[in-house]
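Look at the two complexes coming up: chain A is in both, with chain B in one and chain C in the other.
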Partner chain A sequence: MSKVDRRDFLKLVGAGGVGAGAGFMLAESIKHPIEHLVPYAVPPEEYSPGVATWYNSVCGMCSAGCGITVRTREGRAKKIEGNPSHPVNQGRLCALGQAGLQTLYNPDRITAPMLRSGDRGSGSFTQTTWEDGLNRVAERLEDAQRGSGDTYLLSRGVRGNLDNLLGLFMAGLGSENLLHYDFDHPHSLYAANLRTFGEELLPYYDIQNASYLLSFGADYLNDWLSPVHNSLGFGRSRQGGDHDRGRFVQVEPKMSISGAAADEWIPAQPGTEGILALGVAHQLVASGTYTGEDLAAWTSALAPYSAASVAAQTGVSSDTVTRLGNEFARATAPLAIGGGATAGHTNAVDALVAINALNYLAGTIGQAGGVIFNPQPVTGSGGHSRQASYQAMLDLADNARAGRISVLIINNTNPVFTMPGAARFAEALESVPVIVSLSTFMDETTALADIVLPSHTYLESWGDDIPQPGVGFSVAAVSQPIVAPLYNTRGTGDIVLALGRKLELTDLMPWADTEELLKFAWQQIYERDGAEAGGDFDAFWRSVLQAGVWGENVRRADMPTIDPGVVASLGVPEPVFVGSEIDYPFVLHTYLSTSMHDGRGANLPWMQELPDPITSVVYGNWIEMNPATAAEQGLKDGDLVQVTSSEGSLEIPLLVFPAIMPGVVAMPIGQGHTEYGRYANNRGANVISILASEVDPASGGLASSATRVSISPTGKRAKLVRTGGVARQLGRDIVQHTGTDAGTAGHSAKLNSIPIVVESA
Partner chain B sequence: MSFIDRFVAGWRKHRKPGYYDKLDYAWSMTIDLDRCTGCGACVTACQAENNLAIVGEKDLAAGREMQWIRIERYWDGEYPNATLNFIPMLCQHCDAAPCETVCPVSATYHNQDGLNVQVYNRCIGTRSCAVYCPYEVRYFNYHDHHWDTPLEQQLNPDVSVREKGVMEKCTFCVQRIRQAKDHAKDDGGRRVQDGEVQPACVQTCPAEALVFGDRQDPNSQVSQSMSSPRAYNPLGDLNTQPSVVYLKKVGADAD
Partner chain C sequence: MSVSIVHTLKVLKPAAMIALVALIGLIIGYYANAMFFPGTAPEQPIDFSHRIHAGDNEIPCLYCHVQARRSISAGVPSVNKCMGCHVEVATDRPQIRLLANYWETKEPIPWIKVHDLPDFVHFTHKRHVQADIECQTCHGPVETMDVVSREAPVKMGLCLNCHKDNEVQHGTDCWTCHK
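After this line comes the complex of A and B, so read on.
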């Protein structure tokens, strides 16, 4: 796909100077801005007042791992842009990535180490020194080693060498309990890929070169895997690509922004998307497109999924199923992807295997515009192996309740907010004697901690990253401090290394700081190709810091193929929902908010003020309902309703939404914080709190779409702030369309392709 | 020629779109609606670059938002055939701008680069321009806004912070254009090259829907893009001669 080669990666970027690491020293003066009228009486080298300096790093706002280049002036970070050399985002960035500066300059940051002073959860802490804080943690860890309980480390998803460092630290403590926890980690996709291809890796989905994209629930433009890269691919497939205008079909119960961007939006009964995929596969095989040796096996495996039977199960008309199959079969570069709610049902892994099979039958595995497998990470970890599934988190909570956890260290993850209320996670934490939180912000989990060791934001710390799912070849990136630390905080890696020194683990972790660890680990990459280019490691390291990224434009030679056993196990069972259809008539569809992600963006004022793309709501959240259903229920837009599941209830404003299935209600994740600072607290409700504790048995992942709810009026009206005006064009023709056939290669559609309709007299 | 005649002649000359014999540049933008996903990255990028105020929930409820570029959304049809169309809306930098003719103090005028610019310290806050603007892209400061410490450390030193009583709007990131022009001048007096300057929204757009450049240069990406048969202007009947050109979305019109 990409024409970017390694030399391009290493090219300097940006209009101003590009610095390496020195931003750290440059910015020292901001600690004392008042005392110095001219901050730099003796200015550091390469600094001139009024001239911006740019530093390359890695975005830390979600797990996609986009490269960023940050503009600094006088030692302060002013603007984040995408790093044009980084193959994942190629100079582009999403709204949440743009708002990263507000994590750095957030007024609600924890400014110094703290000890709990009141009851747990009371929120009263007293400040202490790093020495005292670290000593206390080290003592507790030593006690734990001597005692009966175990030490657990629960981190946000980290990749690269920081993950390795955490692993070494836990090994030094004699504990195997290192878990990562991200609410949106695609467990079912990993499990499905393991079953289909024998590899627990995320492949690269080459949307850019796909001419026909069939997405089952994956909101790839908003939250699925690598949204900025997917958006780039979408744009290029649509217009200006090498092939005819790409066609996009989205199957989901509630229109997402990917659904809005699609050429066709198809609502299918929740949880039956995998069955629809098999129906499409059935038609594809029936049309004679697939000619593999095992054709007979596929034909018989797919026999139960005729258009008529699929139509009965999914609610999608049999004509549509047949047409999708034919379109998929005929497309030059078809691609099927699955995620979002499809990956949140109890049959998620089966459904995603069916989608993989569809790609296999269309012959797109390993092809441009298809599914391309990534090489193994060149350094550090790819981040999946330690990710805790929902089942693993339930086990953790059980261990806590049983008193088997004596120290729990939490690194920048907020399970109290992102675990369903049914898991009773906060209650389980009460049984843990010592909770240490390494966190940038006070949040619902950190509020329960005994010792808080505040960590840097990603714009102040060292780290490296192997982007997942990557772009089909080896990429690694370094994140460097852009500015001096604002407060008395430390990087997670440095905190762990300091604890290691106190616990005499220096044999395992001999490095003075994270930067030294990275330099040590990146020797590996240097030897791989930097050495042969001549020059010493320091020169190589500087060039990597300046470019922000290293890559090797070589595709994997050994593309995995489909496991021959898949065809025998093909099949998607009916999804299981918690709650009876009579008591709880609606399926609750949850999705990650564009601006808040899994809740982490809620404390950023820019994200609170960014209107939701589809509803234009700001500063709040809502539940969406079909207009006809709302009329049946006697509910109006803006009514405050009570949403009740078998696990609990919440009150939330109703929003009448034109593109949602009648039996489904949808609610965005992200709002409803109670301990996350002035911008986030007490806005809307946290939908995760009423989700049922249901897992997909095949992956152990949370079945976040498997909850049924009932909706009842409260008789009150709600305040829901929307920036958008009348959401209909009313004949003003503001958004104009041109004929459906108008997509051709080149940036523009051809005029002569607009169909001319002659009306009969 | 009496004083009044001279005044009227001068006034007419200033109001005439072709008042400048030749513009230095004619900065323009195209927005491909077939690519736009409505994600809102442009909105936040603009807020970060241009020191837009955080207005708060109360003011937003009163319709006093501050977003120089915003995503408008229009539904067509009903379930299950409902379609949703996004359109980013920003100052169109019209060559025949209604806002320029109405300002009593000439706080908004057309500059040598074809930009519709707003002079903050000349603005007296009549808000007439906002009334005249058919695109509703002018935003008024009803308060002196503040940033909770230390959020103000993020403010861009190249852009002024506006005060109460002043109208503001998209500038096509004029500070970046100025910088690029200065750079080109220092670099042997050459012209700014295509791609050398991009507003924050264009730079960040994940779907590459936005293209920016000088339409006087026939080879610039924006000129190429403007010549697309899909090009159109929303509310084109008003003949405001906008510098922002939209490219039609491909697909059936549900109207």
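After this line comes the complex of A and C, so read on.
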């Protein structure tokens, strides 16, 4: 190559040029990217970049109303913890509460008001301004006021003064149709307490001071009423103080988290838990511990519930019934609670009344470690009175179909997902001319809306809360914005106030924003409490915001007593199941998923990747079946099966699980979304969709455990993602235990040894 | 049939030549970038001079970077703070007018970071200021610079040597900085 011709020269020049360019870019690529240091024009007082500020507020992930404290830096929320001063959670917080950050930073949030641009349900929306969106809604509401149709407001369960504000707004529109809808609202528990004590307010179940807890289906460590508070109580009862270690017995057809933590797990035939409670009550009265004046009435009312008769109905041996009765009678502070599947049968209210009766007979009403009554909410509302039962939702759907609803406003609740398919709720919505959604996220219900006015997450908005159930004394908490709004959204209260101004309802709702409303309402508390302590309202308000919670540690003076009529009406009928035993051999037991709750947590990646505490499955759901039943059916773990009820069917992987009764299959609620963002969509199946439309007549609540199903193999296999490998110890002695004889050994001998009863069908 | 290595070389030669030239180009390009576009003294939105402020007028570093003693980051002064003096001082200069513009519109000034540690390094100003480490140890003689440039090599060696010399407790443990 002594001679370089023109071609070679050009090649070399090209190579040199490309090389130099590549070298330049290489050097450029390893440089630090340009980062900016942007100071405030005017910094807020006491602000230091790099120094965290903690704000107290109220968790909005479920209805327990835990206090939270959020770490912020440079105006961004970084970490959520429990507020140590809040009496409900006392510094603790569950996984769903921790994941609240992912609602704030969720990439699938609705970022601006939107109008439907395609067919309803097509999911095509165009963005608009707040002014335009609010004007359109106001116009429609005015039309509705003039026309024949009614305006309905369907909200998630809100409490405190936001509930009052919604009430004022609807009153201003001349409509009484303000409904709250939460899938997990304990309608039957409220109804049972109304029947027993004449009061529609949840009492405080003092688990921490209970020495013997008999739980009928209530998964109190996972989802029952206030799980974080219950977990605290569980810990204290077991290990706290110098009292005896508390003993827990769990009655349920499928082992829940609480069942796994219990000293004894007793499967009773689904729907017969109330009968078992009466059997325990029968033994308690027979043992002679109850000495009230109405002993004769109780004795005769409980006469049909002898151990032998209860054993025949529940499948629990008569020895066990007698033993439970004696244990409950002898315990220093016994407490019986009911929830979960027990509250999801057609006899739920009767069963829960029976459980209340058990507490009454044990003499724990109003006692430490028993049932303690809560005072009325100190400001705003407790939220229950407007909660729509399943029956009320069916009525709403009927009204929609009949054309009696002209405008439906939906605030952050997702009935299309959480109503059984049999209710045909989405279809009913088609007949509503105007649907307005105030949702933070696109979900199955919002996808059907015409106008979307997105509301803030709870970390960006003002609000207040009266936890239900309370903790036995007056508690109220203020929810303050932790961060400035990330997107072009508004607080629900502010949206309603803006609509009020447009509709000239300012006489009813004179407040400029939610903050002003709260300050107005909290004057009451100030006058009752803060004024005595001295200082002006502003100082009181600041101290409440700093603490995040206000409380008055005084027990209620007047204690309700048991309604004498309860004795006469005592009795638990056989549960009703939809579907014949021949066509649909299995009872479908549904339960709220630890991480998804009623489905709201499914769009949070942290919740998707959190293993289920019992099965260790991540991403997706499953159906549980007893190994003996599975063997009988010729099914193996990981088989994709078709689950068919009288209302529909779905395909889901089978998980063989030893701690479930033969004849019962169990499925967690929460997965199976179709319109809830990238993390939730197309994972697993929604079990609610195949539930029968069966109500408990006494409360109107959905009997979510009253569906029978059949299981058939599809011939396909499905891979369940599990963090655990083998559910057996294989001689590794991982779980230490000191004894196996559950019947005779003392409490200490039963540590960590859960007798799993697998009876042959 | 024999295979000659010479023949193979002959075929490869033009390709090897091109690769060699490209490699030389790569090296030249790399160093040209490093030499002419070092990026250690970026152009700032306002030609702020540390020489005038910290040098000539002897304003202490912590007067403006007030957070350094109480926060992990030293922080830059707010526009508010600049205007504290510049309402009165040198109001006719073009760069100060630029500042006043930011102030009037209440816009923050998008300064460009000169000293930036990787995200995997945990450094806190508070501890170092409280231990009376001179700012210049890491930031160089800022009080002599009109345009601040990154002069001291703020690499792991600098940290470790200083921690060793000053016998910092746990000063050479990995998780002191990488946590």
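The rule we apply is simple: the second predicted complex is superposed on the first by the 696 of 761 C-alpha atoms of A that agree within 3 Å, B and C clash if a C-alpha of one lies under 4 Å from a C-alpha of the other, contacts with A are read in each partner's own complex, and residues count from 1 in each chain.
The working rule: contacts are C-beta pairs under 8 Å (C-beta built on N, C-alpha and C of every residue); 3 or more make two chains touch, one makes a residue touch a chain.
It should be emphasised that the depicted structure is a prediction, and the values quoted were computed from it without experimental measurement.
> Who does A:Trp606 touch here: chain B (first), chain C (second), both, or neither?
First partner only, chain B.
> Of the partners chain B and chain C, which touch A:Gln269 in the superposed model: first, second, both, neither?
In the superposition, A:Gln269 touches no partner, neither chain B nor chain C.
> Tell me the contact category for A:Thr346 with respect to chain B and chain C: first, second, both or neither.
After superposing on A, A:Thr346 lies clear of both chain B and chain C.
> What is the contact status of A:Val51 with respect to chain B (first) and chain C (second): first, second, both, or neither?
After superposing on A, A:Val51 lies in contact with chain C but is clear of chain B.
> Identify which of chain B and chain C touches the larger number of residues of chain A.
B
> If you lay the two complexes on top of each other, which residues of chain A touch chain B in one and chain C in the other?
15, 50
> Which stretch or stretches of chain A touch chain C in the complex?
1, 8, 11-12, 15-28, 31-32, 34-43, 48-51
> Quick check on the complex: what are the chain C residues that touch chain A?
It comes out as residues 13-14, 17-19, 21-34, 37, 39, 42, 67, 70-73, 75-80, 102-103, 106-113, 116, 118, 125.
> Under the touch definition given earlier, write down the residues of chain A that touch chain B in their complex.
15, 30, 50, 73-74, 76-82, 89, 91-99, 101-102, 104-107, 221-222, 227-228, 231-232, 234-236, 238-239, 245, 255, 257-261, 263, 265, 267, 486, 594-595, 605-611, 613-614, 616, 618-620, 626-628, 658-662, 678, 719, 721, 723-724, 727-729, 731-740, 742-743, 747-751
> Taking the touch rule as given, give the residues of chain B at its contact with chain A in the complex, in rising order.
For this pair, the touching residues of chain B are 32-35, 37-41, 43-45, 47-49, 54-55, 57, 60-61, 63, 65, 67, 70-80, 82-87, 148-157, 179, 183, 200, 203-209, 224-225, 227-230, 232, 234-235, 246-253, 255.
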